[in-house]
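The two complexes that follow have chain A in common; it is paired with chain B in the first and with chain C in the second.
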Partner chain A sequence: MTQTVQAEPTTLGTAAARRRGRPSRKQPRARTGMNARSNTMAYLMLAPVVILLTIFVVWPVVYAVYLSFYNWSFYTDPIPVGWRNYMNVLGDRTFIESVGRGLLFAVMVVPVQLVIAFLFASLVRTVSGRVATLLKVSIYIPTIVSGVIASIIFVLIYNYQGGILNAFVGLFGVEKQAWLGNVSTALPALAVPAIWLGLGICSLIMLAGMVDIPATYYEAADLDGANWFQKTFFVTIPLMKNIFLFLLITGFTAAVQQFELPLVMTDGGPLERTLLPNLYIFQHFRNDTYVGYSIAAAILLMVVLGSISAVIFRVLNSEKAVDG
Partner chain B sequence: MAVDTPVTAPAISEIGRTTRRQRGRRDTGAKGVAVLTGKIAAGALLVLLALFPLAWMVIAGFKSRTEVVATPFQFFPEVWRVENYQQILADPEFVRSMSVTFGGAILFTLLSLTVNSLGAYAFARLEFAFKNVLWVYVITTMFIPGMAILLTSFVVVTRLRMLDTIAVLVIPGAASAAHLFFMRQYYLNVPMALEEAATLDGASKWGIYRHIFLPMSKPVFVVVGMTSFLAFWNSYVWPIMTITSRDLYQIQQFLATFRSERAAELGMLMAGSTLAALPVMILFLVFQRHIIGGIKIAGLK
Partner chain C sequence: MRINRFRAAGLAAAAGALALTAACGSGTPGQPADTGGDDAPEGATTVEFWQLSFQDVENEWYEAAVDAFNESQDEIHVNLTQVPGDAWEQRMTAAQAAGNAPDMYTIAYNGVVSAATTGQITSLSPYIGDDVWSDVQEDVLASISVEGEHYAFPMLVEPSAVLWYRTDLFEEAGIDGPPTTWEELQDYAAQLTTGDVYGFGAAQSAGDMGWSTWGLQWNVAGHLPISDDWSEAQVGDEYAPLLQAWQDMYKAGSMPQQALAGYADANPLGEGHLAMNMGGSWFASVLINDFPEMLDNIGAAPMPSFHGDPEAPTATLGGWTWVVDAKSEVPEEAAAFIEATLGGGDDEQLLEYFAGTQFSKYSPRASVNEALIEAAASSENPWAATIAEQIVPFSKPEASYPWDISMAFATALEQAMQGTDVSTALADAEAEINRLIEANQLAGTAPQP
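After this line comes the complex of A and B, so read on.
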C-alpha cells in the first residue's frame, strides 16, 4: 500500500544509511523512539475524525441495534422486549406495503435514469470540447438543486389549475389531471423529480465509463462494417457492465430511500400511495414516543436493501466481466 | 447528515473528452448532415429537459401571485415584475435564514476539510500501530444508510444538549469516511521525493502536512468543499428535526415553512427559491473552472 519515510532522521548520515537499507547498530533503538513519536502524531491527526465518526455514526448504529430490542421512550427506562419490535414491524401491513412501494418507485426511476444517461453519454463522447462542456454542465445543474426546491417547482408544474403539465397535455386533448392527488398518477409524478435530480451524477459516471473504452475497439468494429447499434450492443454495453452494475445498485438504494420529495410534495398521500418506507419510518418516529418500533423498522429496511443489492450484484456479476 | 460520495462529483469537464482520433472520423454528405441534425436535436432536448424546471422557477418569480397558476397557462409574465424579488429580500426572516445557512455552511465546510484531510494524510502517509484496524473502522461507516442512524443520532444530540444550536447542524456530519477516502486517494499519488527532501531538511510530519500537502490539496479541497457546502445548504430533514427556533431556521426549512404558511404568495415563493438556489449555482459555475485545472482527480479513479 503506502510507502512512507519513517520519521525525522536525527542526522543526515543515518537517514542515508537507512534509505540504502544498510543496517546500523543504532537503528533499533532509534526506530522505536521514532515510531512512538510517529504514532503520537498520527493519532493526533486521526483523533478528530475518529472521535466524530464514533459519536455520530458508530455509536448511533450500536445504540439503534440495542434500542430495537427495547421498549423505550425519552422519559422511561428501557424495558427489554426481545424480538417483539421486529415482529410488530413485520406484521405491519403499512410498512410492508411501503417497502413494496419503494421497490416500485425504484423500478420507475432507475431504468429511465440509466437509459437517458446512456444516451447522453453516447452523444457527449461524439461532440467537440465546448459543446461537450455545455452539455455536461447543463445536465449536472439539477443535481445541485435541493429536494425542497425541486418539490416546490414540481408541485406547481403539476398544479391542477394553471399548471404547465395540464396545459401541455391539453394540447393533445387530454383532460386536466390532479397529478399528485390521483392515486394512480401520484407515484409516477413523484418519480419525475427524482429522475431529474439524480440524472446528472448518473450521466457523468456513465460518460466516465464510456470514454475509458479504447478507441481501437470501435475502429475494429468499423472495419467489420458494424453500424451504431451493433457497436453499442456488442462493444459499448458489454464493456460497461461494471458501470451499469454500480449505477443500478446505488440508484436502486437511493430511490427506495427517497424521502424528501414525498415529505414535501405529498406527505405520503393520497391514500398512502406515495408513502415510501423512509417517510413511513420518519412519520412513525415523530408520532410515537416509543422509538423501538421505528428503529427496528429502519434496521429491517437496511437489511432488506443490503440483501437486494447483494442479489443484484450476484446475479449480474455471475458471468465474468469482459476485460476492457 | 446525508452520506454523500464526492468520488462521483469531480472534474465534470474532464470526463468525456473525446480524443482527436475519435473526433477526426466525421461522416460527410447527406448522411452526415442527418446525423448532425439528430445530434443537435438530442442535445437541445437534453438541455431543455434539464434546465426547463429551473427556468420556469426563475420566470415565475417575475409573475404576480395569481399569474403563476393562471389559466390559460402562460410561460412568460404579462409584465415582468421585480416586486417578488424585492419583497422576499425585504423579508427579515428570509435574509436571516440565508445568512445563518451561509455561515453554517462555511463553518461546516471548513470543519469537514480540516478533520477529513488530517485523517486522510495520516492514512496515506504515516505508519502507526493498528493502522489497518482503524482504516476498516473508518471505512465501514461509509456503508451505513442515513435512516439507520438518523433516529438514534437525534437521541444522541438531544443527550448532548445540542438541540437548537448551530453546533447540531455543523458538527455531526463533518467527519465523512467518503471524503476522507477521496482525499487519501489523492494524497497517495503525491510523489515521495518532495517529502523525503523536506524530511532531510528537518521538517516534522506536521510540517510536511502543513507546508507540502495542504498547498497541494487545492483541487481535492475544491471538490470535497463544494460537496460539503452543497450538502449543508440543501439539507432539510436534519434541520427540521433539530432546529425549532426561527432565528436558526435553515434556508430549505424557511422555504418549506413559507410554502405552508403563506400558500397564496406563489410569486414570492418562486423568487425565494430562485435566490436560495443562487449561491450554490454560482459556486458550482465558478468552481467548474477550477476543476478543469484539477485534471489529475479524474485520473485517480
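After this line comes the complex of A and C, so read on.
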C-alpha cells in the first residue's frame, strides 16, 4: 500500500511530463519552479497585511518600547533615562492597585456575562424562529450603543439626587445611596453597564456555538434518558469549550482595559476605587509633560495582559472540536 | 513571463497597500475644523489661532475680535478655530505630533510655566513692550514668567472660590448673613440641611478638589503642600482644620454623600438643592442667564478664613491666557495680534468681553479692571463689586507644580472626607508627594519668575 502511494506521484509526474513533451528527469526542477511561484504568490498575497501590520502594529510597538526609555516630548530632544520610567511606574502604588482593580473588575464582569449569555443563548435556541429573532435583536441592541452614551444613561440611573435607582429602592424604604460616590459600591456600579454592553455579542457567539453542536448528540442523550441539566453539562458545555475560551480571553482583556465607563461615570473616583489601568495611563498621558512614563505603564500593562492570557490558554487548552 | 506577471501583481498589491496606508495616515490631525474670518488677503501672513470653546457669548466675542483685527489691517490674517473642551487634549496632542500645532492658542495659567520650561511655547517678551506688561497685576505676571521672560498674555482671571448662598433659605432658617468663620459655616450648614436641601456643597472628588482648594490650602497653612524649591513635601498638621471641616460636614450629612454636580456647575444652587455652594466667580454668569428669577435670593461672599484674617487668600486666580507655540514660524505676527486684542490696542472691545460674560470674570490688567468695576456697578451682576473688592485682591495665582502633587493632596482631602483619620491622610499625602519629587526629580526645578 505504501509502495503504491509512493509510486503514484512518479507515474503522474511522468505522464504529466510526457504531456508537456519533457523528459521525466526534468520533473523535479519543474516542481521546484511551481513551488517557488506558489510561494511568491503566497508572499505577495500576504504582503499587504504584513505591511499594514508592520506599519500600524509592529513599528508603533517597537517605537513605543524605544520611547519608554526616554523623557520625550514633541518639542525637546529626547533625554535617555534608562529604566527610570519603568521603575517609577512599578514604584507607584496607584498603578499596581489599578492593575489589581482591573483584574477584580474582570472577575466581576466576565463570569456574570458568560453565565447570562449562556442562559440567554439556551433560551433563544429553544424558542420558535420569530421569537428567537426578536430576542436576538433585543440582546444585541446594547452592543451598538456607544459606551459614552451608555455611561451617561447609567449616570442618570445612579444619580444620587433624582436618580431612577434611588427612586426605586426608595419604594422599599431604603435610603438613597451614593452608588458612584461610595467606595464600596462604585466599582460594582460600573460593572453593571460593562456586563450590559458586552452581553449582546457574547450571547450571539454562544448561540452560534450551540447551533454548531450536532443534533445527533442530543438525540443520543435523549435515548439515554438525559435531562436538560445532564445534556447541558455533558454535551453542550464540553463541546463549547473553545467558545468559552475565546469569550473568556476577549472578555477578560476587554474588562481589564475598560476605559470609557470610569472616564465618563466617575473619572476614577471615589478615592481611585474605579481607576482602571487604561484610565490611569490616559490621565498621565493627559497631564504629564513627558510621555515616557505613560508609555512604560502601557507596555507593562500589555505584559500583564499577555501573561494572564497565556496562563488562561495554558489552563484551558484549546482543542479541536470532537466532531471536527 | 508568468513570473513577471506575478511581480506586476505583487507590485500592484504593494502599491495598493501603500496607497491604503497613506490614505489612513492623511487624516491630518489638528486640521482646523472651524475656521473663522474671511479668506486671507494676498500677501498677508496667516496666523492659526486655536481657542478652547467656552460659552456661546465668549465664542462670539472671539470671532468678533478676530474679524476686527483682520479688517483693521492687510498684513496679518488670523484664522480662528474653536475646539470643544472634550476634544482639546486629543486634537492638540495629535497636531503637535504631526507638526501642525497652531501658531497660538489659549492655555490656563497653571499650564504656562510647565509649557515654558519644556520648550512648548515661546517668550512674548521680545515682541510686546514693557509698557504693556507693566499694566498687568504683579502676581499674575509672576505666574506666567520664567526667569524674567513672559510666556503668555493673561486675558482674564476668575477667583476659584466664592461662597454663594441662598438668602431665601437663610431667612427661612432664621440665619442672618453669610458665615464669617468655619465654625459658623459648619453650624449654618447643619441648620440649613433639610430634606433634599444640603447646607453646603463643594468639590468632593480629588479631581475637582485638586485645583479648587488651592486657595483654602494657602489660607489654612500659609503655603502650598510643597516647598518653594520643590525639594520636599510640606504637609503638616497645619492642614488639619481643612480636612477636618470636610470630614465633619460629610459625616453630619450637611454635605451630600456624592457631589450633586461638578465643581464648575451652579445648577444645584440655582435649583435650591444647596443652601451654600463654594464655586468660582463664573457662577454669576450661569445664575444670571439660567436663573434670572432667583437673583434676589442669591448672595456672594468670600469663603471664611480659617484663622479669622479677612485678607488671607481663600481663592486662586484661574483663567485663560494666550500663548504662541514654540514652533510657530510667525511669532511676531501672532504677538502683534495678542497685543492689539488684549494689550491695550482696543480696550473697549476687551470690555465687551467682560460685559458679555456679565462681569463674572475680571481683567488682570489694572486699567481694564478699573473700568470693569465701574461698568459692573450698573450691570445686572449684583455680586461683581463684592468679588472684585473682597476676593480678587487677596487671591493667589494658581499652583504651577505638576498636577500629581495637587492630586496627592486632594486625595488626602477626599480620604479624610470619606472617614480616614485626618493625621493618617496627611501622612499619606506627605509620603506620596515626597515619592513624586523623587521619581520626577523635581527638587530644585521650581521655575523662578
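Here is the rule we go by: the second predicted complex is superposed on the first by the 257 of 324 C-alpha atoms of A that agree within 3 Å, B and C clash if a C-alpha of one lies under 4 Å from a C-alpha of the other, contacts with A are read in each partner's own complex, and residues count from 1 in each chain.
Just so it is clear, a residue touches a chain if its C-beta (ideal position, glycine included) is under 8 Å from a C-beta of that chain, and two chains touch if they have at least 3 such contacts.
This structure is a prediction, so every number in the text was calculated from the model and none was measured.
Student: After the superposition on A, what does A:I141 contact: first (chain B), second (chain C), both or neither?
Tutor: first
Student: Give one of first, second, both or neither to describe whether A:P270 is in contact with chain B, with chain C, with both, or with none.
Tutor: second
Student: Considering only the touch criterion stated at the top, classify A:A226 as touching first (chain B), second (chain C), both, or neither.
Tutor: After superposition on chain A, A:A226 lies in contact with neither partner.
Student: Considering only touches as defined above, state whether A:I213 meets chain B (first), chain C (second), both or neither.
Tutor: neither
Student: Once the shared chain is lined up, is A:F74 touching chain B (first), chain C (second), both, or neither of them?
Tutor: Both: A:F74 reaches chain B and chain C.
Student: Name the chain, either chain B or chain C, that contacts more residues of chain A.
Tutor: B
Student: I'd like to know which partner A:L316 touches here: chain B for first, chain C for second, both or neither.
Tutor: neither
Student: Looking at A:N88 after the superposition, I want to know if it touches chain B, chain C, both of them or none. Which is it: first, second, both, neither?
Tutor: Only chain C is touched by A:N88; chain B is not.
Student: Return first, second, both or neither, reflecting whether A:V304 touches chain B, chain C, both chains, or no partner chain.
Tutor: neither
Student: A:A178 in the overlay: touching chain B, chain C, both, or neither? Say first, second, both or neither.
Tutor: After superposing on A, A:A178 lies in contact with chain C but is clear of chain B.
Student: Using the superposition on chain A as set up above, list the residues of chain A that contact both chain B and chain C.
Tutor: 41, 43, 45, 48, 52, 55-56, 74, 161
Student: Chain A touches which residues of chain B in the complex?
Tutor: Touch residues, chain B against chain A: 1, 8-9, 12-13, 15-19, 21-23, 25, 39, 42-43, 46-47, 49-51, 53-54, 56-57, 60, 68-73, 75, 114-116, 118-119, 121-129, 131, 134, 137-138, 141, 144-153, 155-156, 158, 171-175, 177, 180, 188, 192, 195-196, 199-200, 202-206, 209, 230, 233-234, 236-237, 252, 255-256, 259, 266, 269-270, 273, 276-277, 280-281, 284-285, 288, 298, 301.
Student: Please output the residues of chain C touching chain A within their complex, sorted ascending.
Tutor: 2-3, 6, 9-10, 13-14, 16-18, 20-21, 24, 89, 96-97, 101, 114, 118-120, 196, 204-207, 256-260, 273, 326-327, 402-404, 411, 414-415, 418, 435, 439-440
Student: Which residues of chain A touch chain B once you look at their complex with the stated criterion?
Tutor: Checking each residue of chain A against chain B gives 2-9, 12, 15, 19, 35, 38-39, 41-43, 45-46, 48-50, 52-53, 55-61, 63-64, 67, 74, 116, 119-121, 123-129, 131-142, 144-150, 152-154, 156-157, 159, 161-164, 166-167, 196, 199-201, 204-205, 207-208, 210-211, 215, 218, 222, 253, 257, 259-260, 263-264, 278, 281-282, 285, 291, 294-295, 298-299, 301-302, 305.
Student: Mind listing the chain A positions that touch chain C in their complex?
Tutor: The touching residues are 37, 40-41, 43-45, 47-48, 51-52, 55-56, 73-76, 88, 91-92, 160-161, 177-178, 180-183, 267-272, 286-290.
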